[in-house]
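Quick heads-up: structures coming right below.
Next come two complexes, and both contain chain A; in the first it sits with chain B, in the second with chain C.
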Partner chain A sequence: MGTLISRHWSTLSSGLLCSAPLFILLGLGFFGPLALVVLYSVQPRGSFSPFGTPTLENYIDIIEQTFYLSFGWSLLLAIISTAILLLICYPLALTIKRHSGTVANILTLLVIAPLFVAENIRLQGWVLFFDKSGFLDGGLNYLFGFGPGSLVNNVPAIVFGMVYVYLPFMLFPILLGLSNVPADVREAALDLGASRWRIFRDIEIPLAMPGILIGSLLCFVISLGAFSEAKFLGKGVIVTIAQDIESAFTFGQNWPRGSALAVLLIILAGTAVFLAMRRIDLNKMLGSR
Partner chain B sequence: MTDSVLFRRLARSYLAFILVLMYVPMLIVALASTSKSRFFVFPVRRYDMKWYENTFSSLQIHDGFLTSLTVAFCVALISVVLALFGALAYARHDWRGKSFFQQILLVPVFFPQSVLGLALQLWFNSFGVVMSWQATVFAQLVWIAPIVTLIMAIQAFGYDASVEEAAGDLGASRWQIFRDITIPLLGPGIFSGFMFAVLLSWGNFPLAYFTSGADVTIPEWLYGKMIGGYTPMVPAVGFLSVLAGALALGIGFSLQALLARRKNR
Partner chain C sequence: MELRGVDKYFGDLAAVNQINLAFQEGEFFTLVGPSGSGKTTLLRMLAGMDKPTRGDILLRGERINDRPANWRPTCMVFQSLALFPHMTVGGNVEYPLKCRGTPPAERKERASRCLELSHLPISYYDRPVTTCSGGERQRVALARALAFDPEILFFDEPLSAIDYRLRKTLEKEIKDIQRETGKTFVYITHSLEEAMVMSDRIGVMRDGGLAQIGTPHEIYSSPVNRFVSEFMGEVNSIAVTPGQDGKLWCASLGASITPPSPLDASFKQGTLMIRPENMRLVDADEAADTNVFSGELFNEYVLGSRIQYQIRINDDTFLVERLRESGSPESGEQIRFGWSAEDSMLFPE
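Up next, the complex of A and B:
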């Protein structure tokens, strides 16, 4: 009994000891700053100290002004680009999985590698591609004498940019999820006479669900906070919530308002994460046996 | 599974199409950087390497490269150390707070980075911390160290823990087990974690933007120029930065292949 308890204690403490540095990092670098943002969000307008008398005036201001527009746009863009990414990445992941281990790894690396290039550079590349006299317009003009003109500065261009930038974030989790679908189960179902559609619906999708959920969640949350796409490919046709937050902090010099907007965004993203996370077993996904 | 030829061909062309699409912007950027005129017009009328000459002689860009490089290496080094222990707590040890730790770790990854950057700016401000590249290292750690932990946890899940127990039964000390068994077994994970950290930091913009103060990383420099006024130096610097990343990735993977071959021999 005594050895059992001491053994339990030693495993407990080594787990805690190993995780302690990361806990401290997250406390000082994540939860602390977030608590400060919440504190700032209830300060009087334009205040530069977090310790004034709490008030809800920033939230009331936000409701009374037109911020629902940028919230709406961000939400809409996030939902649309996540949906498109699901449609693109699921078949893509299946296609990659058809190859053998090494080839599949190389293909995965090739699709994911652009993630390591700054978003600004890649978006600049697309602007030069789609802009008037750019690669597409200029090229078509040169070959056929007419081109589509400028294809940037509109909402579809922004969606395109988001889909392009976040593609690796959707693909990778789906690939991980698909590893949970054993090939022999699929073959067994096929031998027993199941159609391709039934295999997809009754076997693949349920088994790959954790990966699909994580990918969708990741894309949804990151695109909620996106602002470079709207800035460069949209050139201001719409304003996303992240741009509003940034300008409240910089041009507006109204930290409490920026904080209140950030809190609302965090609540939105947090709800999505919370709802999805309850249905995912991470140990299983990362390969625990 | 039996598939028709048509289906296989379709699948293959789909994959090829997406792969090409992923690299189109980099190719356009490379093309634009060699155009003589100030604004990019396709087809390019006159090619010129002067933008690269300007880039190489610019002190500002020189400093930016150094700052980006320093930040990336500091972030990678610290991340790997934190993640090595984090991954053991994540995958190997059984302890009471484990599932809480596993969930908490994901939160910064699933978080809008611009908001995290601003929150950290507020946080540093209220403690009187001067914004600098050191502050950026800290900010990027909050996002990158959890990712590296996850990568190394995959490795830690995959190896047989009974080897460690056997060593313990044979009288090896904790430190000996850690040095001679755990670290070599986690080796590939440590390596890919380090690579991921360097590259993610190298390409990161939002966290650096809000925390680096007067120090400017390459992505920040590019952002400033893209807002303030385009010159072909933007694609020139962009393409050089892409090349640097690709070079790091190439060297890294050939090193890994070399080490693996030597081990097998």
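Up next, the complex of A and C:
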């Protein structure tokens, strides 16, 4: 009997056994709640049971009301901050790459260090820094008698917050991408008569593309669901979709509507992921060519 | 192309030191030297990827020190080959033409010709370069450099990662291509064999300087110093001092040796060198003049058609090489060997 069981166990691949904890965690922590959200999104308005008669009325409500505004803002903010992050992180990554050693370590440390402090606290710090009579305004007033006044409560401040918070998520994938561009390949292109611009366009960008795409994807998806930046630095000047979802669940006590909004957001993010992942060969990127 | 008093320092370290060198048009020149002798640094300056600290690099009399690699009519085949991994074979070979703005149809035609020249089937044109084997990549790199149509081609030990047999084939192919195209090839390697097979002239580098420049034959048969002599192949060295009657005295063997040429009055001590192939076994009954010794056969190495004997006299070891034939002596046997005085080389110290 004992041998029978052990023989049975040995037929299960060790890979499956090793990945079992992850599967259980994903099942309980990710797919379960996701299924529940989808289920709730087709329940009647204000219902608290997931097992009512399915209906599409929440989706119809969403289309008829002005939720397209918060969807629009979230999408716009995500696109703008991803674009700005690309422009900042690419040169930064190049610099870190070129200065291997102390300079690179210091730069990397500077980027990582803020991650040890909670995001909300860092954002509140920026509010104190930028607000009227805050550190910047107050300090300048004290020293020179004039200051910029309040720099928060507007869209640029929200974008600033997003760029600030999500910088590492763009930087490190791009660094990984750039490590796929060997120095001698760049030199070879130069030697074959390519201009700097050509090397950038024909060699660097294509080879670093997996990293660039992953970084952009990460930043786009998380800024699509961004919440704290608009709340703290924007102070309600605009409403993002994540805030709408939150208030539907809490303030509005309308779980089905919150769920339906969440499902739409997931579809939006999922589409972006799907489009980008079709162009990435993860195996190649992680070096097992 | 010419180098005049070229130095390259990395910090305080002189990687290349006072190099004067001129390449002749259409020659196959090989720079050979041990690792760290400055070959690659020199080549990178020639190709325009590094700038000399001092001295001038001239191309047809014009100073080109500050001209970057993409403005020089030279092209380099890298040790790592540095192929563009995201392109096809054809894409790689076409790249230099693309940079120059050649129209697509002509590009394809010229790239195909270069592939043919480097013995790659045209069917490889649309294959991703990552699917090619080591030897094929080698050929792609060569074709890409040829497509650039440079006046001078540089090679930075491109064959070092390839297995012996393929390397032999490629060495000859590179040499053939050089003859066919009539271009100047400058090749660096640490392999003496490679240098001998391919070159018209060889420059031996040591510690950032050029120890000797000459044809393979000159360098092999009349090296200017002990370093070149040892680098160009196995050699027997004997420490000698002046002896009686114009002969040399070898203290460790306790014997007089006839020098290759009459000794200079200033000669105090030096090293006498004899290549193993210039040594011969001496029959027991043959009359012995000087330069004949007898020792214990310790080991033998078969080198294809030739055989090498390692003979020990006390603590000294000698190598004697000859054609393989039957009736070889056995290990442990006492055998006599010697050399003609004119085949030895004396380097005073």
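Following the convention adopted for this analysis, the second predicted complex is superposed on the first by the 270 of 289 C-alpha atoms of A that agree within 3 Å, B and C clash if a C-alpha of one lies under 4 Å from a C-alpha of the other, contacts with A are read in each partner's own complex, and residues count from 1 in each chain.
Here is the rule we go by: a contact is a pair of C-beta atoms (placed from the backbone, for glycine too) under 8 Å apart; a residue touches a chain by one contact, two chains touch by 3 or more.
All values derive from a computational prediction rather than experimental measurement.
With both complexes superposed, B is the one of chain B and chain C in contact with more chain A residues.
Within the superposed three-chain model, A:L207 lies in touch with chain C and out of touch with chain B [touch as defined at top]. In the superposed model, A:L192 makes contact with chain C only, not with chain B. Of the two partner chains, chain C is the only one touched by A:D184; chain B is not. When the shared chain is aligned, chain B comes close enough to touch A:R122, but chain C does not. Once the two complexes are laid over each other on the shared chain, residue contacts for A:Q253 go to neither chain B nor chain C. Shared-chain residue A:P50: touches chain B; no touch with chain C. In the superposition on chain A, the residues of chain A contacting both chain B and chain C are 187, 190, 289. Chain contact summary for the complex, chain C toward chain A: residues 47-49, 68-70, 74-76, 78, 80, 82-86, 95-96, 99-100, 130, 144-145, 148. By the touch criterion stated above, chain B contacts chain A in their complex at residues 1, 11-12, 14-15, 18-19, 21-29, 31-32, 40-43, 82-83, 85-86, 88-91, 93-98, 101-116, 118-123, 126, 138-139, 141-142, 145-146, 149-150, 153-154, 157-158, 199-200, 202-205, 218-219, 222-223, 226-227, 234-235, 238-239, 241-242, 245-246, 249.
Taken together, the chain A residues at the contact with chain B in this complex read 11-19, 21-23, 25-26, 29-30, 32-34, 36-37, 40, 50, 88, 91-92, 94-96, 98, 107, 110-111, 113-126, 128-129, 131, 133-135, 137-139, 142, 164, 167, 186-187, 190, 217-218, 221-222, 224-228, 231-232, 242, 245-246, 249, 255, 258-259, 262, 265-266, 269, 273, 277, 282-283, 286-289.
Residues of chain A that touch chain C in their complex: 182, 184-185, 187-195, 198, 202-203, 206-207, 289.
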